[in-house]
Every structure is written in C-alpha cells, then in structure tokens.
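Worksheet: the structure to be examined is printed underneath.
By letter and in written order, the chains are A, B, C and D; residue numbering begins at 1 in each of them.
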Amino acid sequence: MQPLSHGERATGAARGIAQYFAQVRVRSEQLCEHLPADDFGLQAMPETSPLKWHLAHVSWFFETFVLKEFDARYRPFDPAFEMLFNSYYNGVGRPFPRPNRHLLSRPTLDTVYAYRRHVDGAMQSMLDGGGLPEALLRRTVTGLHHEMQHQELMLTDLKYNLACNPLYPAYRDAELPTVVSAQPLRFVGFEGGLVDIGASGEEPFSFDNEHPRHRYWLEPYALANRQVTNGEYLAFIEDGGYGNPLLWLSDGWASVQKECWTHPMYWRRIDGGWYEFTLHGLQPLAADRPAAHLSYYEADAFARWAGGRLPTEQEWEHAAASRSADEGQFCHPEDCLHPGPGCEQDGIWGMYGGVWEWTASPYVAYPGYRPASGAIGEYNGKFMCNQQVLRGGSCATPPGHVRASYRNFFYAPDRWQFSGLRLARDDAGRDWR
Amino acid sequence: MQPLSHGERATGAARGIAQYFAQVRVRSEQLCEHLPADDFGLQAMPETSPLKWHLAHVSWFFETFVLKEFDARYRPFDPAFEMLFNSYYNGVGRPFPRPNRHLLSRPTLDTVYAYRRHVDGAMQSMLDGGGLPEALLRRTVTGLHHEMQHQELMLTDLKYNLACNPLYPAYRDAELPTVVSAQPLRFVGFEGGLVDIGASGEEPFSFDNEHPRHRYWLEPYALANRQVTNGEYLAFIEDGGYGNPLLWLSDGWASVQKECWTHPMYWRRIDGGWYEFTLHGLQPLAADRPAAHLSYYEADAFARWAGGRLPTEQEWEHAAASRSADEGQFCHPEDCLHPGPGCEQDGIWGMYGGVWEWTASPYVAYPGYRPASGAIGEYNGKFMCNQQVLRGGSCATPPGHVRASYRNFFYAPDRWQFSGLRLARDDAGRDWR
Amino acid sequence: MQPLSHGERATGAARGIAQYFAQVRVRSEQLCEHLPADDFGLQAMPETSPLKWHLAHVSWFFETFVLKEFDARYRPFDPAFEMLFNSYYNGVGRPFPRPNRHLLSRPTLDTVYAYRRHVDGAMQSMLDGGGLPEALLRRTVTGLHHEMQHQELMLTDLKYNLACNPLYPAYRDAELPTVVSAQPLRFVGFEGGLVDIGASGEEPFSFDNEHPRHRYWLEPYALANRQVTNGEYLAFIEDGGYGNPLLWLSDGWASVQKECWTHPMYWRRIDGGWYEFTLHGLQPLAADRPAAHLSYYEADAFARWAGGRLPTEQEWEHAAASRSADEGQFCHPEDCLHPGPGCEQDGIWGMYGGVWEWTASPYVAYPGYRPASGAIGEYNGKFMCNQQVLRGGSCATPPGHVRASYRNFFYAPDRWQFSGLRLARDDAGRDWR
Amino acid sequence: MQPLSHGERATGAARGIAQYFAQVRVRSEQLCEHLPADDFGLQAMPETSPLKWHLAHVSWFFETFVLKEFDARYRPFDPAFEMLFNSYYNGVGRPFPRPNRHLLSRPTLDTVYAYRRHVDGAMQSMLDGGGLPEALLRRTVTGLHHEMQHQELMLTDLKYNLACNPLYPAYRDAELPTVVSAQPLRFVGFEGGLVDIGASGEEPFSFDNEHPRHRYWLEPYALANRQVTNGEYLAFIEDGGYGNPLLWLSDGWASVQKECWTHPMYWRRIDGGWYEFTLHGLQPLAADRPAAHLSYYEADAFARWAGGRLPTEQEWEHAAASRSADEGQFCHPEDCLHPGPGCEQDGIWGMYGGVWEWTASPYVAYPGYRPASGAIGEYNGKFMCNQQVLRGGSCATPPGHVRASYRNFFYAPDRWQFSGLRLARDDAGRDWR
C-alpha cells in the first residue's frame, strides 16, 4: 500500500516484479509439495485454514485486487471462487464462513493448482506488457507480501492441525539442529525521548498500518539482550506460575482456568520428561531454545513473575530500528539467542527470525492513519480492536518479509503462532530477578 | 450375533462366508472409487464420519472382534489403529474423539487401503482353513452386516458433508430416474391381538436387539398403503405447519425455534421454486417421491396435522412380517410408492428400500434381552435410551441387509438419514383428512 | 381430565370441591409462609422456577382454564399476567421465557398474594352457585391436582436453589427423624400374563395420560421388596461404578464425563465423611435411607452393577395396583424401607412416599390415547418424547395425590427430584448379587 | 490509592473523613430505600450484580481492606462473608462465582443491613480515635470512592435487570425533565504538542491507574463541542448503518450479526414509533438527549459514518483539564448538550454528567505504573487488557466522583452503562459531514 522504494522505482520495475512474483508464488507450492493429499484439507479450529484454501486464497487476492481492477480482458477462472476464497472482505461480497473451509472438498486440489496456473499466466502476461501504472505494480507487491503472510500461516496452521493427531506426524523429517547454550540474560538501556515511529518510506515495502510515521515520547527503558528461553519458562512453571492468580491479568487467569493451561501449547509431559511438538515431530524439550507458542497472557504473567514487563511496540521498534532483518527461516526457532554475524556482543540479538515477541501495546491506528478506500481498505484497519501487537517475525516468516516497523497482531489468548517474548524494564541497572 | 441360519449351517459355510466376505468388502470400496481424494476426509458434524475413517473402522472391527479373538498368529497392521479407529467400544480402550476424526490426515488414504488389504488377507487365510468354530463364523457375518451398516452411513454422511458446499457437488452424475405418479393414499386394516415380535431365528442373520422373540398385545390398527410424499409434505408446509406449535411435541417445537426449521433438511427455496439436494446434486423437488430427511419431530407433526399418527414398531413389524425384502438400492428414494412385483394392489407397498420409517416407539430392550458379554456387547444395548426406532430400510441400505424384525434407531432431531414416514391410524375405515 | 369418581358425583359435589379447593390452596401458602422474602425469587436453573412464580402460575391455571372458560363475568386481575405466568401453553399465547422467571421482580410478592386472593374469591363465588356443569367441576379438580404437582416442585426447586448457597440453608430447622435399619433386600415374584394397565375410572381422579386402560402382555418378573438405600449405592461408588463405562448407557456415560459426576447430586464429601444436603440443611449421610436425587442414568447403571434391571412401568403398576397410597409426606425420604401398617412382611413395601422410582419405560402415549382439545390438551401429551416414566411418588408429594396408575416423567439426566429406584429381575429365585 | 490532597492533609482530616464516610454510606441506602424487596436479588447477566450484593460488597471492602488491616480489635460480622462478598480479589481467597450472586438469598436483606451497621459502627469508632496513620485515612477514602463506583453500578445494573421485565417497571416515578433543543454540532481545535497526562496529585483523590503523570506527544486535533444526540444516531440507523459492514470494526460486525443489533440497547420500536427504556420507565425517544447505552463498536461505527473518529483518552483529558466537574446527577442523561454556567459559548460542553464517552484508547498502564502490593493491587491493574477507556462520567455518576484524569474502562461490546460518544477529528476546519 506504500510507494515503491527508490530501488523499485529506479529499475522501472515491472520486470523485477515479474521475477519477484514468480519466486514468491513458487515458494508457496514448494512449502507443501512433499505432503500427502490428505493433509491439504485439515482445519482443526476456525483460525487454522486448510493448506488448499491458503493456496487458493492468495490467488484470489491477485484475481480480485489486481487482475479484476487493472486488466479489463481478464476472465475469472470460476465465478464461484469469488465467494469461496474471499477471507473477510465484505466489500467484495459475503465470504464463505471461515469455520467451514475444511468442508470445501471441491474444488479439488488439482483444480486449485489449475487456478494458480490460470492466475499466474494472467499476471505474467500483464506484467510483460509495458507502461504499467504504478498503482498496479504497488498492488502486485502488496499481493506478494500478502502471500508471504499466508506462507507463514500455512506452517503455523498445519502445525496446529497435525498436533491434533496422536501420531504426532512431522512436517519435515530432517533432524532439528543441535542446540547451542543460550547467552546469559542482560538488559540494554535506551534513553528514549521524542522519537519517530512508523515506516519511513525508505523500506522496500510497508503496510498501511505502519503509517504515518509520527513522533512519540519515550521514557528511558531497557530491553533484554535476547528472548526468553524454554529453560527460563520452565522455572516459571516449576515455581507454580500457572497456579498463582496474582501473576495474571484478569482475563488471562480466566483463560488459565477455563482452558486448564499448565504449560505452553505444544509442550507435553510424558513419563516425567518434557517434550515439545514441532514441525519435526515430537522432540525432547530444549532448554536453550526460545519459549514459543505462548499466549499474550502467558508472556505477560511470565514477565511479571520475572520482575520485568513486556516492552511497548514503540520501545521495541526504536531499539530494532538500527538492525537489519538478516535472520533466516527455519521450521523451529533457534540460533537467535546469540549475537549473529555483525552483532555487537553487548547489544540486543535475534530481533527477527526466532519467535514473534508480544508487546504491551494493543493494536491501534497510528495518529492520522487512513485506510485505503474500497474493499482493500479492510486489509488491516478493521482489526484495530481487542488485539495485541507482536513484533519481529519468527522462524516461519519468509525471508525478506519483516522489518523494524512491521506490526503483527493477534488476540491475547492466541497461541498457535510462534510467539514468545523479550523482557523489558524501566531501567537497565537492576539485576534480573 | 444370532445363530447361523439353517442354510448356513447346512453348507458348513466357511467357504460361503469367505465368498460373502469378499463381496461385501469390495462393495465398500466400489462405493467411493470414483471420488477425488479431497472427499475422503470430510466431516461436517460429529455424526458424519469421513469416508476414510469408515473404510478403516470396518476393518478395525474384523481385526478387533474376529482376528484378535480367534487367530493367535494375527499381527495387527499398526498398534495405534486400535485407538484411532475404535468407534465407541470402551471395553477395547478409550476411542479417539469422534468430532475430531476429520483431523486424522494420517494414516493416509493409501495406508488405509493397505490396512484393508492386510485385514482381507488375514481373514481369507483364516476362512480358508478347516474346522473353524461356529462362533468365529457367526462373528464374521456380524462384521459383514456391520460393514453394510457403514456402507449406508458412507452415503448419508457424504451427502450431508457435500451439502455444506455451495457448489452442490453430485456424488453420482447419472440422472435421476423419471418419477411415476404416486398411487392414492389408502389405509389397510390389521386385527392385532397377541402377536409374536422379534426375530424368529429363521432369518439368515439378525442382531441381538431383535431378540428375544416375545409375545405382544396389539389393538386393531391401520397402516397407509405407502409412504408420505414430498407433495403431501409440501401441503403441510403451505398450511403453516412449521408455524403452529400445537402440532408439535414440546421438544420438537423447541428444535423448530432453535434451528429455524421451515422445511426438510435438504430442501432449498430458490427463485420461488423448490429444490432438493440429492446424491445426484441439486434437483427440482419431485412431488411424487417419498418425503425424506425428516426428523422424528417433523414426521410426528405431519402425522398429527394429517389426522393420523406414527405406527408403533410392533404394528409395523406385524404388518411387514409377511413381505420379503426385495427392494433394490438407489441413490435416492423412488419406486416404492407403487405395488412392486408380487405385491397386491390393495396391500401395503414399499416397506423397504424407499426411506426409513420413523415409528412411535422409543428404542428399548425387548423383555428378556441380554447383550453379549465383553466389548462386543456395546454394539447395540448401550444405546437403548433417548432414541426412536425406525423400520424398513432406505434407498441407501445395501441389498440383503434388512428384514421385518430389523430395528434401526436415531435421535428424534436427527435428519441426515433417509428418514420419512408412513401414516397409521387406530382404524382403517375413516377417510384420510 | 377424567370423569369424577362415583363418590364425587354422588355428593353433587360443588360444596365438597369448594372445601377441597380451600384446603389445597392454603397448603401452597403454608409451605412457604416461614421463609424470608429473599427466597421467593430464586431460580438456579431454567427448570427450577421461583416460589413466587409457582404461587402465581397455579392461580393463572384457574384463571385461564376455569374462570375465563366458565365464568362470563370474571375480570382478570391483570391482563399482563396471561403471558407472565403461562408456563408452556402455546395455545394461550407465547409464554414468558422460562429461564427468565427469576427476573420478574414485579409483580411483587405482595401483588402475587393479592392475585391469589382475587382468584380464590372468584372461584369460591362460582363454586357457591348452583347448577354447575360437570365439566367445570372436573376442570377445577384438575386445577387442584395441578397445584399439588407444583407444591412438590416448590420443595424440589427450592432445595436445588438453596443448595447453590455455600451456607447450606435449611428449609426446615426441625431435626430429621432417627433412621431405622433397612430390612434385607428380597425379591418378590409376579406371574404376569395379559393384564390391564391404566386408570380404571374408579379413582377419585386421574390424568389423561393414564388413559385409556388397555391390555398389556407381561412376562413373569420379580420386584425388590424395597427401594435401594444410600448404603447400597455407596457400595456401587466404592466399587468404582462412576469410573466403569461398561456399566452405563452411552448417553449416561457422556453425562458422567461432561458433568464430572462421581456421586448423587446432593452428596458432599467433607473431610473424609459423606454428607447429604437436605431440606433440613447439610446432614451426615444415612446409609439406611433410600438413595435419592439420582438421574435415570445412575439408577440404570446401579441396577446393571447390582445384577438386576429397572422395572417397566407396567410391571410396577401391576405390582402396586393392590396397595393403597397411604404414605405420608416429609421433607426427606424415610420410613419407606419397612413394611408399613397393613403390609405383609413378605410383600413389597414403600411404593409411595419415599422416592419416585425410575422405570425402564420411556414416556409414550397409551394405545388409543387422545389429548383434550384446546390449550388444555398441552398438559401432558406434548411431552411424550425423550423422557422416562417414574412411578410412586416421593416424600415431597402431597398426601392424596398419587395412585398406582400415576405417571410422572422426567428427562434421563434430571436429578433434582426425589428420584431413586427399586430393582427388578426376570425371575425372583436368583440370589441378589 | 494516592496521597491525600493538600486540603485533606491540612485539616488533619479524620473528622472530615468520618463525616464524608457517613454521607457516602447513607447515599447507597437512599438509592434503593423506596424499592420493594423483590428488586434486591435481580441479576440478569453475570455483569449486573444484585442490589443486595452491592450493599454487602462495599461493606466487605471496608472490612477487608481497612478494618482487618488497621484495627486489631475488629471482629468480622460473619466469617463466611469473606468469600461471599469478595468480588474478584484472588489475594483474599477464591470469590463466590459472580454469575451466581443472585442465588444468595441468604444472608437476607435484613442481615445485609445489619452487616452495614456493624461495619459502620466499627469504622466510626476507629475514625473517632486520634493519631490515625495516613495510610488508613487514604485507604478509607479509597473505600468511599469504591462505594461511589458501586452506587453508579447499582443504577445501571438495576436498569438492565428491570429492562428484562415486559412490564417495564420504573425506578423513579417522577417525570423526566423537558428536553431543550441541542445546540448545533461544532468542532473546537486543540494544538497538541508535548503535554502532561495523568493525575497531578492536586486532586482531592485519584486512583492508581491515573498515575504516574507523564509526558505525551499529541498531534493537533479537534473535538466536538457536545456529545452525539439520539437524533443524530437515528440518522445513522436510517442510513442503514447497522447493515453496512464497511462501517464497522471486524469484531463489531461480528457482534452486530451474532446479537442481531439494529439499534441501541434500550431503544424499542413500537407501532412505528421509537421509545427508550429509562429509569423512569418506557419513554418516547427524545432526539435532543445524548445517545446512550452504545457499545464501543456502535460508537466507533457511528464516528466513521459521520466522517470523524473517536478521540484518544489523551486528547480528551487534555481538552477537559481546564474544566471543573460541576455537573449534577440524574437518572437520565440531559442538560449536557448546552454550555453550562461558566462555560464559553464557543467552548466544549458537558464533559461530565451526561454519558461516559468512549475513547479510541485501549486501557493500558501508564509508563512507569506500579499497582499497590497485596490484594488491593488487584483493584485496577489486572484489567489492563481487552478493554477500552471511557472518560467523563454519566448522569448516574455520584457528584464529586469524577475528574479530568479519571479512567473508566469496559469491554468493547458492553452496552449497559450510560455510554455514548463525542466526535473527534484531525482538524477543526472541515465541515461536519
């Protein structure tokens, strides 16, 4: 939704975008090409859409918001798909009910792939043409970042769906890398003051909810050098954290009681040992990996127990703004608890690529925010209520997708994303705990 | 669960049973061999299991109740299947939760077919041997009738699951046969008295819930010559039947209000016309087919509106006892509103093969009933509460599966079976309505 | 709903009925005259109406079905009450929603008593007149038996509502009578055959659902001499009854799991001892009182565990038909485990006045049953689905209200009535357990 | 929870507080002294506690947080009340479940008044003594503001509970004052900049959640001179506002669909006219009163439809900071749409005393916020998630209770408070709509 970067404008850019388009699109299919047909229809809760639906919906996005808007000759693959694969855009029509997506055995997976080919062909023909309006190119890039968001969801949704199977099937058979010991936790101070928050416009891409860039007053604060580990979270459990209401937000304690939470979502206690369900199947719990799949409530309760708090999104962004998004993508969070290449030993590490970090900030509009007009305006703005901002990206986030100003958002009880936390404090000087 | 018929005993019968086994088993697979892989995992409500699960469960039945009990050398295909494909036998262990069957993407469909081959092979080896105990042969025949029950469920469950798809996919592309006008409704009187109810033991097979045969006192009664038609049911609708609480049982009226029922389950009102979703896709409603997919509440309300009542199961059985189960199997109820070959013009027609007929009788044990000991005793007995008996069989019932003493049972609000009704009255003489 | 008895017809009877009317009406008020105003609005679940609502509704019944029908000069106390205090008669109009009865703080209790006075006055004036039609007298007697049913509900509903208060308030402060040891359990045989079931018309009163009297074939059977005791039920618990699915009906086991049942409704386990909440407050559990407040599922599971079964309602009625309803009314079941005055030592005892006895019979219409026309026809008939028949009466049943042919009915999971069981068997000879 | 004001410290103040205590306490009882006993137990949804419970709980607060903490000689009235009348303080013990408060018929209302007398006596004795610690005095004042909050809830809860009665009972029989025409809507601009937000410590009292005072950067903005009226809201309805998903937040639209909202909570459409249920009973809707009983979703959708937005809580507080809280208390919002005495004609009016104004700000901790230690720390902090801030006070707020920095908070779907809105914009210059 934002102007193209200087880089894109410089190259003229339709050719570059066509290439980018091909790369992103093929990656969606690569993510699931090794899976049996049986896996593509799973939907264990309304939030976790079937793989097949994701593959179709991202194509629907290009069909609806690019081809139908910018290409007068475009012929829809099947008119019924407008409703079937609409996620939540009321401006386009009444979407097929989300909880029932797993019931769409038709169109078949083969037909969905044919749909993708149809959309790919139309997009590439269009992008091959000359003199394309910048609005079209910008919308296309938005569509690609939209598809990248769904690539992450394909992994987190599938993980949730497979976890319901007592056979604990693995998404990847490959072994998890060996764990390296986490560095000691340390706090790094920031001075605050009147800072700028939001995308600057120099980024290759940014969503509308990162705008407008605006001034924000920050008091001095400190952030932990790294994310909280499984080992630290286990200490919280062993200290009775799930049984002490004074550590919890009121709504959080209600969730603990109603859902009978006693540990993070994918942890399993078997014969006296702790295990964790991963995309590599059930694995012994590794103390030195980031704690993942926490709800906001759990992250908040842990922080209170640890004598700290969650950072605000502004604190996070200000700290992250000087770092580049260089972390890679894996099937499980790791290797983000240490200074990476180019990181200072006494800095803060692993802002991207481990787990999303819950912040203390509810998801609201920035001052002066205006959503785009038309159905595309429903992309982000209508969700600015009852959700919390997460920052950074996770091991399941596609490479090149995140940045310092990126705002992810989920409901406080949600646990099926790779979500964890980094501690904050009002000052850096105090010892931890 | 009943002694083999004289016929079976006479032939020695293992050879005959082996042949029967092969026929029944192959039929399950034939029912779905033309369907895409996407259809096999559908489960739109807890009651409608996925095709894949049905295919596995009926094999689990032979594995659990025949092979593991009678063949010491048998090796299970996969020990985890004992839990995954157990339906409700607590005596075998804690079954995998029914509402989550659609989440079992693994084992894959290919593996389930391999499981079937494994069980088929073991069964055939065993049946090829000599000197087999009669209990084994009897249990095998029970397993085949169990599989036939699931063949019917495969069709009714799939119909329900496909109906959730706004594309209205057809199970069969073939056209529905032309409808012949229904014969006028007429009542046929029966004298009653002290009659015998329940299986006589002369049947080729019967379930334990049809026993013991016992005396029952019947007052004189009359049954309609044929089942109620769509056209007759439409008159009930047009007379405001769904809006008049005085026609309904108290629980029925609560269902009407809560579920907003205004017509039978698969009827659709489109552009002023009535349509019906069928296994052949969406079709114009045919006035002269039996009304199908009614709940007990709807059948009961219709009967009250029509000035009649539902028959008791004893009235039904006594009337049906002289007729043979000669109706064929279709994908939609038809051709049962006329005297069939060998039927008398002034008799009652189509007791089998159209729609199951709701009776006024709650499903209870016959006097002196004893379920079998062990887990197999859970087959029928533990459901003898809160359900109503249906009699006759439907167009989806496998050939040779039903008989006069056969007792089917569902909850009063259930509508996804091919369930309809035949009117009864205390006397034959009065005019209808 | 049935013709007056010979006795009533003989006396002309309006005078007798006027006296009877006064007695029954005053008793409703006596039942709650010692209670604080705070108790009159309680409704802990939809089924347990507030005392105030009961007091008003029974007056509504006379207003609606007697005064408005038979007295042209009658002026309703307040037209709004027609809707507010209608229980479930759709023929009268749309009733105020049952779950919200506790929200009717207005009319106040004082106004409800004024309403009672208004109805009492009009009824007495009418009954003082001469030449009253028999239909009016019959309807009045029906109204009195209706009020007696609500007198029982006032006690059972209040018991449930008070039980939600951790202070365990007592309805009566008086002490419970001392318990006498129960006589040993013994079975008494009956020959069965073609018997008559249903009210004979010789009873002072009977409801329509006890008609018509009809023939019924009974196989030989045996009934226990007395009801099952707390001590016997405790043995079931201690034997793991609530943890063994093989003892339970399928729906019953689902209730056990969902509701976490581990004992009868009002039992409490405190500091290693068993207590029971009663209308006299929390009391130590008495082994030699009848087990009470069981669901049908618990009664059925106990019977299976005990090697017996529940009797059918026909078996119960046939056995009870020779005994008179002579038991008194108490706040807690007692004194019904012994031969009463005039009882034979080797007979069966305590058919009335202890706890209602669950039978194996679903509540259905007798052959030839016809409900009355008009709204009054909703009294009994529309509930003939999904419920089980209970027989006999309980300690909370008003004196003179029950008889051998009386049919009470509740849903299988219901536990807030004084409901227990008496064991049955197919033959008397076998030893118990 | 905040230090006493200079004024309180200056007077020494125990005497002043004792007087204040008496005034506030008696006011709670005056609010309901004219009501029948029947009204005191009503609870139509978990959030709306019975009057009796409110009367007891506010006494429990003094007992728990003042008397038990500061008076060693204090004897609790009844030890069971510690659990019964605990609202949500887990640090005190496990509270009696909120949804069941209506089931506490015991203690009776008389006993609750005796409880109040007991606490009043103990408090007054203590306050009569000399040399009291400041912490005690501060806690006492907190308890009085706590009781004032419940005085408002007594009115809003009772309104909701009475509204469930089809008789529409009035809390006050007095007539509503005549409505004066609302002044035209106009926007007043503010420059913003780096402002101070939060209580200054000069207020007579403030809650912990108004602290610490901190710097906040505000962009220029404009606020409407007055609150939105019923007439304006009606235009939104007539323009199809409840049928247009593009006007709503995603969660808001879900509520509209699920709850079938088509107008504010207490509006009723009768015979073509609009009415509003008020504490004076059902009244014709007055176009020139503030729109009340809106959810956050409705306030937000209206603002979007009107081309404006909701103000942030910082924008609101900055604008209100110069005005004094001089509005009186009524049973229905009125007289707040005009410049009050001392108001400038071109200023903003009615910030207090009409309806609470929803702000765009989720309820979060101010930077550096620390809740008090111990159970009293649960007062505000644990609710800082999933709720929205409302500012200003309503016609039901006790006099002297609110101020510019006061933060009220409710969930976005909540509608039973007197909640409305004031429009905001980024700039004052544009015309409205």
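Basically, a residue touches a chain if its C-beta (ideal position, glycine included) is under 8 Å from a C-beta of that chain, and two chains touch if they have at least 3 such contacts.
Model, not experiment: these values are computed from the prediction.
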Set of chains adjacent to chain B and to chain C: none
Farthest chain relative to chain C (centres taken as mean CA coordinates): A
Where chain B and chain D are represented by their mean Cα positions, the distance between them in whole Å: 60
Centre-to-centre distance between chain D and chain A (centres being mean Cα positions), rounded to whole Å: 38
Inter-chain centre distance, chain A versus chain B - centres from mean C-alpha coordinates, in Å: 48
Per-residue multi-chain contacts in chain B, two or more chains: none
Chain C partner contacts - residues on chain D that touch it in the complex: 36-42, 44, 52, 80, 83-84, 96, 100, 102-110, 161-162, 164-167, 169
Footprint of chain C on chain B - complex, ascending: 88, 90-91, 194, 214-217, 219, 245-246, 248-253, 296-297, 300, 360-362, 364-365, 367-368, 377-378, 382-386, 412, 426
